[in-house]
Amino acid sequence: MTTPAPPRELLALHGASVSFGAVDALRDANLRVHAGDVVAIVGANGSGKTTLLRLLHGVVAYSGRREVAAAAGVQAMVFQRPFLLRLSVWNNLRLALWLAHRHMPRQERGERAMQALRRVGLATLRDRPARSLSGGEQQRLALARGWAVRPDILFLDEPTANLDPSAKKEVESLLAGFAAEGMTLVMSTHNLGQAKRLATRVVYMDGGRIDTDLPTEAFFNTGAQGRADLFLKGRLTWAIDV
Amino acid sequence: MTTFTDILATAFGLVAGADASLVRTVALSFAVSGSACFFAAWLGLAAGAWLAVARFRGRRVVLLALDTLLALPSVVAGLAVYLLLSRSGPLGSWGLLYTPTAMVIVQTMLALPIVAALARQVVADALRDGGDQLRSLGAGPLLCALLMLLHERWAVVTLLLIAFGRAIAEVGAVMIVGGNIAGFTRVMTTTIALETSKGDLPLALALGFILLAVVALLNIVIALVPRSNELHAAQLP
Amino acid sequence: MGDRRVKGAARRAVWGLACAAALLLPALAASAQDRFITMASTTSTEQSGLFPYLLPAFKKATGIDVHVVAVGTGQALDMGRRGDADVLFVHDKAAEEKFVAEGWGLQRRDVMYNDFILVGASGDPAHVRGNDIVAALTRLAASPASFISRGDKSGTNAAELRYWKAAGIDAPASRMAGYKECGCGMGPALNIASSTGAYVLSDRGTWLSFRNRGDLVVLVEGDRKLFNQYGVIVVNPARHPQTKTALAQAFADWVVSPDGQATVAAYRIGGQQLFFPNASP
């Protein structure tokens, strides 16, 4: 019986740190992301989730090592509050495609945009001003924007935090669909249930350090130790000294 | 004592009579100030966008200088350009003194700091909200800034109107470099100044009203452009 | 980059610049055309309305346009020194002769004269009414009345100071309590006099066109000393080679010719002749 080839490593951090002035937002981070992973980054507010995401995506200055495989060249990020330009839904998408692939022919760009809209169920809202959409629709548009460029890794920063329950469900099912298609996802979330439902791996962050990094099953059932365990049980209290 | 109605009556009379020299004067005002705003827009929006994202030593000094130029008195700008374009000055051989071209040059100088300083602020504020997302999408810093100008296009229209207002309302600079030559470099504001100096105050005020009315007309036309229809606002390839 | 979006923006930029060029083209064309001269004259001459009457006649005779920049006499002479004017048409003989003597101008010729008048409130508190300007100013200096001086190096201002000197007052500002300098043109000076009931020396041309008289009336006129002589000077090309000397000379020659002189004499305000031609043949 042949052993399946190990999944390719797309991104790796070795002893990476990020500081903003005097504040250490992230300390000595070691992490590898492989193709097909769905990584959920969890932790309390201020634990460094967003900084870790931005570091992985490569948009923040850091010390230490960050290695990006050639196969991880195209990346996209969805933020908690999607920033959409004052353009139509369709033009927002076409602009994103142009920014990511400057030499794509105009027609292909249009087709990919329509494809993405259909994928997230926004095809009928194509010509509406993007800013007139509801919160859930805007986030779906942001997802369409991310999906359309066919990223090797899609980063998401608390993508459902601002959405009502039905919109949350829509977004989650889209994400599950992306993962099923084989897209690599790295997302931060407050919602432990979401992490359980979607992720293959959970990274718990505490005070700017990566505390625990386990497969989902292990994290939620047996493996969480110490503060991670307390976090799961909702029993982390604010420490007066850190 | 001239009453308000007298002044209005004079104004209406002038407009109804469609006096040829009045029409030419108004047209010249708009041509000069409009051209100045046009050049100031191109140079100023580019400069403002660049200043919002560029990081270099001395950047704060440049911003300070820019903000100071916002208060450049029009007479000072006029004198500076006069000394440049005078036949005994460095650019005298260009023969531009006392022509509408000189007036456009000096008004561009006055409008440019306004456009650049305000554009920089608009872009900087917009980048605070969406800069991360645009960078993530793959836009370089300058392209981010330009996209934000597109995104905040109505703020840009407003700041261009402010610059245009500054240009069309000023009199010191165009008086000095234009010479207020009848039928050639005489604009609304210099005509008003001339009539005031002749003691014909009702006529001066009436001309002032006409100038304001024409600018109001321009603003009405701009306001009528539909804002909610984003499709007309930007045509992407 | 070869991308359509950049191309589209570039296309719009070119179109926009073309529009701007189209707007400016008439101006540029006008300035590029050679058949015009720049004449430095005074605000009082321009405000008398002479130029819209005189210059079209000149254009008809020679096809040359005249661009008049109207400033104070002092400024007009400065323009000549800087080479920004091709010909001067002012009314301060002493300053003009100095200008030519210093080599800035080619030759000074008499063209015409108008006169100055002393105006003041109809009540005439200082009792200056008459036809002797020196006597009037002497009486004025002794009274508490206000006098508005233009104080702007203009021909009118220079004349005013000469009359004070003739009355034995070298520095009226220090000798007369009510003496006020406004640093302004003839119109504004008349405005100030009109609203404060002060006395002011004005040229007849500006006075005839002035519409804000209030209580002001002519109090002193007809004194030979009050005649205001105009001269024409072509700027010396030796100092500024770009001066349009030939065209400027054409103007100087025309305005002293019988044709030009007749046109000057024919100019009227309210039926009254304002300028009296006196060019020597």
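For clarity, chains are labelled A, B and C in written order, and residue numbers in each chain start from 1.
Everything below uses one rule, namely that a residue touches a chain if its C-beta (ideal position, glycine included) is under 8 Å from a C-beta of that chain, and two chains touch if they have at least 3 such contacts.
None of the values given here were measured: they were computed from a predicted structure.
Put simply, the chain closest to the centre of the protein, by Cα centroids, is B.
Relative to chain B, the most remote chain by averaged C-alpha coordinates is A.
Work out the mean CA point of chain B and of chain C, and you get 32 Å between them. The distance from the centre of chain A to the centre of chain B, with each centre set as the mean of the Cα atoms, comes to 46 Å.
Distance from the chain A centre to the chain C centre is 77 Å, each centre being the mean of its Cα atoms. Annotation for chain B: residues touching 2 or more other chains are 236-237.
Touching of two or more other chains is recorded for residues 98, 106 of chain A.
In chain C, the residues touching two or more other chains are 3-5.
Interface residues of chain C facing chain B in the complex, by the touch rule stated above, are 3-5, 8, 13, 16, 19-20, 23-24, 27-28, 30-32, 38, 43, 46-47, 51-52, 67-70, 82-84, 184-188, 190-191, 194, 206, 209-212, 240, 242-243. On chain B, the positions that touch chain C within their shared complex are 31, 34-35, 38-39, 42, 86-88, 92-93, 95-101, 104, 179-182, 184-185, 196-201, 235-237. The touching residues of chain A, when paired with chain B in their complex, are 54, 57, 59, 75-77, 79, 82-83, 85-88, 91, 94-96, 98-100, 106, 109, 127, 129-130, 145.
Of all the residues in chain B, the ones that touch chain A in their complex are 129-130, 132-139, 143, 147, 150-153, 228-231, 233-234, 236-237.
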